[in-house]
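Letters A, B, C and D mark the chains as written, and numbering starts fresh at 1 in each.
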């Protein structure tokens, strides 16, 4: 069996395993999603003004995504360390790049579902309307932003997983790095939503930025994840 | 005069923090080297 | 006789604590070697060094002819370590856990089924989540996943802990079968009585040295 | 025991005296001799510490990245490279902090506010937090080699991330807000003496950085050596236990 097909097989095995854990335990559905939704409601209380809410809705969607993502990443690695499974994977010599890619894919799927929920909440609570072109743009934005977030989250989540004080270390490492995603995804989403009179065409350069970020961190994570989680 | 306060203040803050850091390093080095052997201090 | 594990003067540290303070150990192919010693004697660390998981600070060693200082990664695919934790995903069922390991090495469904049958975790148990299993059932699940991984050296840390009498006999039988099939077994235990009947040789590990 | 005291040598002491003299000279040139700027008046005098500080910070993070790369690529992986990387990263954080504080004081005078969401300020703040994270990872514990590998990988990741963060923040300001706050340096028309003071500052701070790194990496080396020595004693104790 070639190295590439072995890596692909393990990648999908890891991704399927993580998604199956979520399917069996429903932590994302029962805990994280309600948390994300309540954040959106709290924003509405804090910014008690329809005009402002419509204007800042894209930013709020991504802020809520980032906060929820921290929880999802902690969860993604706590299932690994609960019974020493990551240790077991390492001792079995399972390709760390495949583990990284697999966990990233699973995280991507979960984050995407969460973002869809958040955008839906924004539609209902903040009175957003979108053109068909905007809808396509919003979809592409979510796709590229999520890919980048999932990869960088898995990379730093793996580093923080094995150490004491991981709850505080992860946000410190992660949040400065994801600044480009927050900026890019918010601007692209503004264009898609048409908030503040933005045109749909204004969003595409930002999607370019998100794509660069995603590609960069797929590559970096594939190389760096092994040395970071190894003892 | 506000300008003078800010200008002098920024110089004092800069000098103060750099001096404090330098003094801390030197003192730490002295304290550690008291218990060090010559092999542990290859620069000597 | 062909040595599969050779360690010389190995020092390994956990944080700044020297878990192993210069240890020598040789294990021949086909042995069932028992590492004896009180808790904290360094048995677990020794197993982790043999598994290529814990890096060594000083000394040298080879496992299956592979150097443990420079090529730890190559050792890992060929040995199986079962530590204090079982390495299970608690939210997955027994079958899903074993299927996951099978997928990482490309084992067939038939291999999975036979491994589960050998460790007596098939049938009704197969569909139970690992979090709802007893300690003994978890251990048997972990051993079953070790079988599908086709490990050449089995490094077992207190394998009898938490198993009932029939489970222990089952395990002993399984380990003898595995050795008959060409594997080598190193187990750490402080239940010397139990494991002595199983082991072909006993080594005492104490205070970081081995005799 | 050593007859020598501290982390100094003849060379570092000589360097230290030169640095001290240069910094005193810088104070005279920057605060007394150089003229006030036509537009900014005396506030321009903050520049002589602010610009050298951020220059040294970039230099320090650059050195951290280079040493980390050398550590990871080297065959025998000498921990000395990791210690220089760590010393340099720590000093870099100090200098970023200095430049952020002096910058915001300067900003208060020229813009009337301590902080503006200008591209350069924002990305400098991200730089600051990124390397605080780097220092936090260095303190996680484990063996020296674990520390070295983790932090080296992180330093190399940071050096790739930072241009991207900088680029995106720039894009944010240029595409999003038409009215950007002007760069303070651009308003300054530097005459000969001012230019001399600025270069004096850059040179003096660079030498100060060299001096600090030399001393800091030596204290780190002592700390590592002491940890190893504790390990030796602990190994001996364990062996004794085993023999009994």
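As a working rule, a contact is a pair of C-beta atoms (placed from the backbone, for glycine too) under 8 Å apart; a residue touches a chain by one contact, two chains touch by 3 or more.
Computed from a predicted structure; not experimentally measured.
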Looking only at C-beta pairs that count as contacts, which pair of chains has more of them, B-D or A-C? B-D
Find the geometric centre of each of chain B and chain D from their Cα atoms only, then give the gap between the two centres in Å, rounded to an integer. 14
For chain A versus chain C, what separation do you get between their C-alpha means, in angstrom? 37
Round to the nearest whole Å and give the separation of the Cα centres of chain B and chain C. 52
So, in whole Å, the Cα centroid of chain A is separated from that of chain B by 43
Residues of chain D touching 2+ other chains? 141-142
So chain C residues touching two or more other chains come to 55
Touching two or more other chains in chain A are residues 231
Full enumeration of touching chain pairs: A-C, A-D, B-D, C-D
Over in the complex, which chain B residues touch chain D? Could you list them? 2-4, 6-11, 13-15, 17-18, 21-22, 25-26, 28-30, 32-38, 40-41, 43-44
Chain A contacts chain D in the complex at 155, 159, 163-164, 169, 172-173, 175-177, 179-180, 183-184, 187, 202, 205-206, 209, 212-213, 216, 220, 224, 227-228, 230-231
List of chain A residues in touch with chain C within their complex: 1, 6, 9-10, 13, 16-17, 20-21, 24-25, 79, 82-85, 87-94, 231
Which of the residues in chain D end up touching chain B in this complex? 1-9, 23, 27, 30-31, 41-43, 45-46, 49-50, 53, 91, 94, 97-98, 101-102, 105-106, 108-109, 208, 211-212, 215-216, 218-219, 221-223, 225-226, 229
Chain A partner contacts - residues on chain D that touch it in the complex: 72, 126, 129-130, 132-133, 136-137, 140-142, 146, 149-150, 153-154, 156-157, 160-161, 164-165, 167-169, 171-172, 175-176
